[in-house]
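Presented below are the structures under discussion, each in the form of structure tokens.
Each of the two complexes below includes subunit A, the first together with subunit B, the second together with subunit C.
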Partner chain A sequence: MIWQLDLSVLTLIVLCAFATIMVKDLLSAAIIFGAYSFLMCLLWTEMGAVDVAFTEASVGAGVSTVLFFAAIYQTTRMVRPRRSAQWLSKAVGLTAALLTGLVLVIAEKDFPDFGNSFSPASLHLSPYYITQTLHDTNVPNIVTSVLADYRGFDTMFETAVIFTAGLAVIAILRRIKKNDRYELPDRSVISEGYPDTIIRFVTRQIVPFIQLFALYVVAHGHHSPGGGFQGGVILGASFILLAISYDFKIVLGIMNEKTNILLGNIGVLIYAGIGFLCLLLGANFLDYSMLSKVLPATDTVMARSHGMLGIEIGVAIAVMAIVISIYLNVASHGKYDKGL
Partner chain B sequence: MTIVVIVLLLAGLIFFFATTVGILRFPDFYARMHAAGKGDTLSSLLMLLPLALYSFHEMNMANLLVAVKILLIGVFIFMASPTATHAIIDAGYEAGIKPWTKKPEEESENDLAA
Partner chain C sequence: MQSILADYNYWIYILLMMIGLYAMLAKNNLVKKVIGMSIFQTAIIVFYVSIGAKKHASIPIIAHGHGAVEAAIDVAHYANPLPHVLMLTAIVVSVGTLGVALAICLGIYRRYNTLEEDDIQEQLQ
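Coming up: the complex of A and B.
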């Protein structure tokens, strides 16, 4: 850790956060928020949390910025001033924020110092993971083993949360009927241009490599930063790139609505199914060591590694399908006809 | 080897500085994107190349892999950054931003547009 670098990055983060709130143009706010995410990612890399930084870079800076753009494209770009009760709501909001901040500052005093080696977490839990992970699971990346094995139950419901988010977006936005009642006037955000040869060509060249990299991230998550979430988001982002720069219809042809929902279900089902398979084989839910009875030529240690790979694949499939589905719904206003 | 790395890194820094000055000082959208696209690509490559060289100071497989990965990032930037610049400029052109000229009455108009 270099505290000068930390301090400068942190200052920029706070500035970005303020700028995001103050700016009246929502498109600018989305871009500044993307910069905020990238700075956050830098800070986490600098603190050694590379997996978290990777997630922030792919989810926070990448996909969510595009989703913001799609939402702004479908709604409105400028913040409209509120007509009444402006000062009252501002005062209430400020009081609530200040009170919450005060509570957090007071509670912060009871926390152990950052990096304190005598805090309870550093005395009992972390040393166990650091010393025993390789012995227990044969996975060098401790973060992946904690995420997918020791706390697999937690991660399973994170996947379920993402799945639920996708379902909610479909339930709210998807419109089967072809009425244009909700056509909004402000379409000047992004011009509907002619197909551009340069952009199309480069997209066509790059997308296969992006997808290959995503598969590498999923499969190599045991040894290097990465895993199901990051890989799935990158896979989804490659399809979003195709939809934006190539053609909305092509992506619909590859990943139509039915495929998306089916893949999202299958992904969650793979995760839970592996858990239930462990249960059937006589172990606890998501205790992969019993999978050695099913998998050929594995002992109980290697089975845990393979079990993690299985659930990472499930997570990647679910996240990819849900990210694509959310984008398609938001960008086309639930009509699946044309996007950004 | 170290001297080459330092010289390339310094060249990258100089080009990054020039890019920043260009973005801040150039008169209109197109000129600014011109500075951003070209300067960013070149200076990123000038920074990545010495990093690859530096990680390759000792001949073995792991260092070679790291160097190749850094160079692959360079290839990606070399393809993606000019395309992104092109896309932004294309969008600006379609949105009807007029290029800057030296005539004074258009100057004030373009200051508003930029």
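Coming up: the complex of A and C.
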């Protein structure tokens, strides 16, 4: 941990946060927010949280920015100040923010020192994870073993939350009936995509490699930063790249609405199914060690490692499908005909 | 001064939380409010990851493989993995909540043809 780097990155983060709130153009705000996320990613790498940084790089800096772009493209770009009582809302906002800040500053005195190895959070549960993960599960990446094995319940419902978010977006935005449709102003010049040869060529060449890399991230999450969430988001982002550089229809041809919902279901069911398989084999729910009975040539330790790989694959499929589904709905205003 | 510099991560997290809260309350545009919500979320993530950080510690992946010495694992040598796990899933959930929030914004725009709070209030009355 290099405190000079820490301090400069944190200063830049605060500057970016101020700028993204103050700027009048929403598109600029979205771009600055992307820079903010990249700085966050740098900060977390610097604090040793490599898995968090990886997730932030793919989710926060990548997909979130694209979602903002899609939403701004469908609505308005410029922000207008409040017509009346502007000072009132500013005063209320400032008072609430300052009060919260005051309470937190008072509470800050009781926080453990930054970087202390003997802070209460690092004393009780985490030493067990750090010392036992190789012995219990044969997985050296502690974050993966905690995520997929020790706290598997947590992650299962987290995946279910992602799935629910995808369903909610579809329920809010999707318009199927003709007369129910909200007519967008015609921006076909942009939405059809003017044929930029260089961008299309590069995208065509790079997408297979992005997808291969995503599969590597899923499969190698046991030994290096990465795992189902990151790999799934990168897989989804490769399709979003295709939709942006080519045409909306290309992605719809590969991943239409039915496929997306089906894959989201399959992903969550793979996760829950492995849990139930453990139950059927006589162990607790999501206790992978019993999988050694059905997997050939594995002992109970390796079975836990393989079980984690299985659920990571489920998570990746679900996250990929839901990310694509959210993008398709937001970018086309729920109409699936044209979009960013 | 010494204590301020030692805990700068916590001070920054408080500052980011205040910025996010201010944006959510005072901004007129709904997309700006959503950006404020995202900043608020990242502030909390900064707090959690800061709690798990240890000075002079490595990333939470245990050195292993061919040639690695099978020594006893020193807990102080690896960063606390538990906050990382919790925040990793929180980031992925935040993209889900962002999608839902933007979907609601688009739904409002479809109905009222504006994203400015005072315009929507005017039309509601």
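The definition used in the following text is that the second predicted complex is superposed on the first by the 323 of 340 C-alpha atoms of A that agree within 3 Å, B and C clash if a C-alpha of one lies under 4 Å from a C-alpha of the other, contacts with A are read in each partner's own complex, and residues count from 1 in each chain.
In the analysis below, a contact is a pair of C-beta atoms (placed from the backbone, for glycine too) under 8 Å apart; a residue touches a chain by one contact, two chains touch by 3 or more.
In this text, all values refer to a predicted model and were calculated from it rather than measured experimentally.
In the superposition on chain A, contact is made by A:Asp6 with subunit C only, not with subunit B. Contact with neither subunit B nor subunit C is seen for A:Thr65 once the two complexes are overlaid on the shared chain. When the shared chain is aligned, subunit C comes close enough to touch A:Asp113, but subunit B does not.
Subunit A is touched at more residues by one of its partners, and among subunit B and subunit C that partner is C. In the superposition on chain A, contact is made by A:Leu134 with subunit C only, not with subunit B. Look at A:Ile172: by the touch rule set out above, it reaches subunit C but stays clear of subunit B. Looking at the shared chain after the overlay, A:Ile198 reaches subunit B, while subunit C stays out of its contact range. Those residues of subunit A whose C-beta lies close enough to touch subunit C in the complex are 1, 6-7, 10, 13-14, 17-18, 20-21, 26, 29-30, 33, 36-37, 40, 43-44, 47-52, 55-56, 59-60, 63-64, 67-68, 70-72, 74-76, 79-84, 89-90, 92-94, 96-98, 100-101, 104-105, 108, 111-117, 119, 121-122, 125-127, 129-131, 133-134, 140-143, 146-147, 151, 154-155, 158, 161-162, 164-166, 168-169, 172-173, 182, 223-225, 229, 233, 319, 322-323, 326, 329-330, 333-334.
In the complex of the two chains, the subunit C residues touching subunit A come out as 6-12, 14-23, 25-29, 31-32, 35-36, 38-39, 42, 45-46, 49-64, 73, 75-76, 78-89, 91-100, 102-107, 109-110, 114-118. The touching residues of subunit B, when paired with subunit A in their complex, are 76, 79-80, 83, 86-87, 90-91, 94-95. Interface residues of subunit A, counted against subunit B in their complex, comprise 188, 190-191, 193, 196, 198-199, 202, 205-206, 209, 245.
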